[in-house]
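Two complexes come next, and they have one chain in common, subunit A, joined by subunit B in the first and subunit C in the second.
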Partner chain A sequence: MEQFLTAVFAGTASGSIYALVALGLVLVWRGAGVINFAQMGQAMFSTYVASTLIMNGYSYWIAFFVALAVGTALGTAIDLLVMRPLSGKRGSAILASPAMRATVPVIASLGILGILQSAAGMIWAAEERGFPAPVSTLGLSFGGEIMPFTAFDLFVIGIVLVTLIITTIFFQKTGMGLAMRASALNPEVARLSGIRTSSVRTLSWAISGAASSLAGLLVTPSANLSPNTLDLILIIGFTATVIGGLDSLPGGVIGGFILGLVISFVNVYSSPSDIFLAILALLLIVLLVRPQGILGSKEVRRV
Partner chain B sequence: MFKHLQTGNALKTVIFFTIIFYLGKILDPYNQGQLSVVLMYFVGILSITFLTGLSGQISLGQGALMAVGGYTCALVVLNLGLNYWQSIIIAVLASLVAGWILGITAARLSGPYLAGTTLVIALAIPSLANRFESVFGGDVGLSVDFGNPPEWLSSAVGEIGYEQWQLFATLPFASIALYLALNLFKSRTGRSWRAVRDHEIAASLTGVNVQRIKIFTFVVASGFAGLAGALYGLRGIVGPSVYPISLSLALLTGAVLGGLRSIGGAFIGAVLVVFLPDLIEAISGSWELAPQISNYLPAMVAGILLILTVVLNPAGVAGGLHHHKSRHK
Partner chain C sequence: MGKKSVDLMLKIENLVTEYGAVRALDGVSFTAAEGKITTVIGANGAGKSTLLRTISGLENSKSGQIVWADKSLIGKAPESIVRSGIAHVPEGHAVIPQLTVAENIEMGSLFRRRNFRSDVKLAMEEVCELFPRLAERSKQLAGTLSGGERQMLAISRALVSRPKLLLLDEPSLGLAPLVVEQIIQTVNDLCRKSGLTVLLVEQNANTALAVADYGVLLSLGKVVANLPAAELKADASLRAAYLGY
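After this line comes the complex of A and B, so read on.
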């Protein structure tokens, strides 16, 4: 029973981080039509910045908000420097077909990932370093009994829930959120009704950058920080978005929690080396049974 | 499929074979080894040329299909007692089957779904190797011996070094791959791939069975990838570290840099990816950079080249040449 509870709590905490990663991926997919494989590269980079600040004596919270700002700036820069010029290239023969318009940005994002990882390697010497948690990562104790969760687990779940609530309010209640939803649904109509779709795209990249750097800050205390550590998190986050439905924000979040629990149970009841097989099996089952994901909408084909 | 095998293609293949063979005789052992890696990458990149360039499907997990080829080859050598050359044929057949299975799953997917799924498949390879350690040899992998150069070859060329033998053993397979690729490119199948890539619905209206064509692309691409993987085994070992995820990404980088849509581009891309670290070393060697900088320089340069290519010249080096040529006609 205790093993079971440990798996549930650990799975919920890590699941909320995967939900955050999935949120970042879905935002950019809906806003810009790109799966951003560089996302956790951005997170890694901003977490290194935070780690360097902390090592130089700044407080956790200063480092925390600087990292969010760096994440936002990186997301914005990627759109302005790479993705926007790329989408202006529609006339070129390679980008003429929809298939290639979905493919080429993926390749560009892999290039960005390579640059971010090698830049981090050059600047921070690729040494593995730990990253502090703001609260204890030991099991909480109530009345002498050790609980199957830690203060940090609660902190992670809390901060992710707050983020999800803010995001929901932003999309449902604000004009900018409405503009983003409209551009995702139908860019052409949105443009005709006076929405500056290119700014909306940049905003998606910026918010996604902030969400992923938050994920980086929350996941590194339980792993070491190195240029490649977060690659695995991206894969898990991506699988979460596919399971939930690539174009659905709540879907991605649900997918994140499902994966968190599955991985946690594999970890506790089998061995960590089976994680990839579990992810692959889950992914294949979803793709075969319900290719559009749990909450995704079925793609409408237009001639 | 091959209704009109063109003599021009045979000639191109013979010229290719002759030039590489000649280079193999004059280069030093290190570059002989590098050149054999170029050939292996060339075959691997061809699989991406077909899959992504011609049919518009992206795979980040070609390394996994290469592993199918490599492991099959090694297992057949070790368990069935065939020699390496017979095993390569079986390995290619096994990869065709793997590609067919993958294709059935993947034909339903497009763009980002496919990219992510293939990536996860590639990442699951080491787990599989560890799960069935007694068969696949775990993290260490399986060591293979591909034999010594035959008498007639040594007597014709003189004494053959280890790297040179690797190169000469790879060359015939790379040439066959080139010949098949040249013919496929111009064939009816090649045209229907392009049709599906450019407009799926229009293609299906003209009678192309889109689903079947997509699966067939995977089968062909997988055959090339499997061959490349089996050839990589000629370096003596087949294991998870031989087919890492970075290999899949390097192949994709080469394909894009050289030019996604041409066979020449695939070769240029292979040369670029394999020799880029050497080139950077030669240029930056005198700058006395700190090791942490020089270690990451090739990856940095590759990333920058990749983005510049995609944004400024999406057709790659070969596409650029082609464009230049046609403008001056």
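After this line comes the complex of A and C, so read on.
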């Protein structure tokens, strides 16, 4: 029983981080039509900034909010400096076909990932460093009894839940949220309604950057920080979006939680070496039974 | 001193639009008079939709001029053109099916909300009065509406942006005659009561000419006739040659 509860809590905590990563990926996919491979590179970079601040004596929370700001700025910069100029070159020979127009930004995101990882290696040297958690990562004790969860698990779950609630309210209740949904669903009708779709695209990149930098801050206390530690998280986050439905925000979040729980149960009841086998099996089953993902819409499969 | 009144007239001169090697508009010139309904009719592929798409900025023209309220629209993006008072209802009941009816309407007013909060509210109420059926269904997804209701929704979305010029592309497409009649009459009322200028593209020439003031007949990207609607309707030879009845 205790093992079971440990698996549930650990899985929910890591699942909520994967949900954040998935949220970032789906946002940019829906808002800009790009699978952003640089996402966890951005998260790594902003977490390094936070880590440097903490090492220089600043408090965790100052570092936390600076990292979110850096993440937002990186997302914005990628759109303004790389993606927008790229889409402005639609007339060029290499971008003539729709297939290339879909592929080139993805390749560009891989290039950005390389740049971010190399830059981090040059600035902070490539050695691994730890990253602190704001609260204890040991099992909480309650009346002498050790609980199956840690204070940090609760912290992560709480912060991600708040983030998801804020995001939902933003998308469902605000004009800007409506503008973002409309632009993603039908850019032509959105533009005819006076929505500036290019600004909306930049906003998608910015929010996605903030979400991924949050994921970076929450995942590194249990994973150590190096220029490519977060690559693995991107792979898991991407799998979560495919399972949940690439074009659905709630789908990506659900996919994240499912993957977190599956990984955690395999870890507790089998062995860590089976984790990737389990992920692959889950992915295959979803793709065979429901290729568009749990909440995805069918059209997206033509890509 | 009073403000210099701006002439709310749409003036199109020698407009050329191409899709690759295909010349969809081949030197189109005409004007749409303020507060009147001008209908653009012609067979399939005459360039009617391209004309509206070029005016609203969805397509880039190759050459020629589009002047609205004394300003050129050439090179402007659709989202700026809406802001200058031109609303385009594209072909095929252009609503977003995954959004609710209310959200589809609200979408058209987003850009005005910051400055004209109270007027936006009024515009929404007017739209609901115009199409009470939409008001009843405001919480439903637009995808669940009938074709006629979708067309009303698309027009409502355009109207809440408070346009001075409404570009309507084939509102009758795929709709029952009774519904077509209702929609066309609504547009007619809007024009007569509030001075809205309308550019109505139709394949259904009879319906369009019945309410229009002027008719522009397009064939293969060229204007072949530009006459008061009644005269165009009465011209048997033009009808036979270009409209096939």
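In the analysis below, the second predicted complex is superposed on the first by the 297 of 303 C-alpha atoms of A that agree within 3 Å, B and C clash if a C-alpha of one lies under 4 Å from a C-alpha of the other, contacts with A are read in each partner's own complex, and residues count from 1 in each chain.
Here is the rule we go by: contacts are C-beta pairs under 8 Å (C-beta built on N, C-alpha and C of every residue); 3 or more make two chains touch, one makes a residue touch a chain.
Predicted, not measured: the structure shown is a model, and the values here were computed from it.
Peer 1: A:Ala179 contacts which: subunit B (first), subunit C (second), both, neither?
Peer 2: second
Peer 1: Just subunit B (first), just subunit C (second), both, or neither: which does A:Leu86 touch?
Peer 2: first
Peer 1: Between subunit B and subunit C, point out the one touching more subunit A residues.
Peer 2: On the superposition, B touches more of the residues of subunit A.
Peer 1: Once the structures are superposed on A, label A:Ser193 by its partner contacts, choosing first (subunit B), second (subunit C), both or neither.
Peer 2: After superposing on A, A:Ser193 lies in contact with subunit C but is clear of subunit B.
Peer 1: Who does A:Arg129 touch here: subunit B (first), subunit C (second), both, or neither?
Peer 2: neither
Peer 1: Which residues of subunit A are in contact with subunit B in one complex and with subunit C in the other?
Peer 2: No residue of subunit A touches both subunit B and subunit C.
Peer 1: Sort out for me which residues of subunit A touch subunit C in the complex.
Peer 2: These residues of subunit A touch subunit C: 175, 178-179, 181-182, 185-186, 188-197.
Peer 1: So in the complex, the part of subunit A that touches subunit B is made up of which residues?
Peer 2: By the definition above, subunit A touches subunit B via 29, 35, 37, 82, 85-86, 89, 92-97, 99-100, 102-104, 106-108, 110-115, 117-119, 121-122, 125-126, 235, 238-239, 242, 246, 273-277, 279-280, 283-284, 287-288, 291, 301, 303.
Peer 1: Spell out the part of subunit C that touches subunit A in their complex, as residue ranges.
Peer 2: The contact residues of subunit C facing subunit A are 56, 58, 77-79, 82-83, 87-88, 90, 94-96, 98-99, 103, 106-108, 110-113, 157-158, 161.
Peer 1: Which positions of subunit B touch subunit A when the two form their complex?
Peer 2: The contact residues of subunit B facing subunit A are 52, 56-58, 60, 105, 108-113, 115-117, 119-121, 123-124, 126-128, 130-131, 197-202, 249, 252-253, 256, 260-261, 292-293, 295-297, 299-300, 302-307, 310-311, 314-315, 319.
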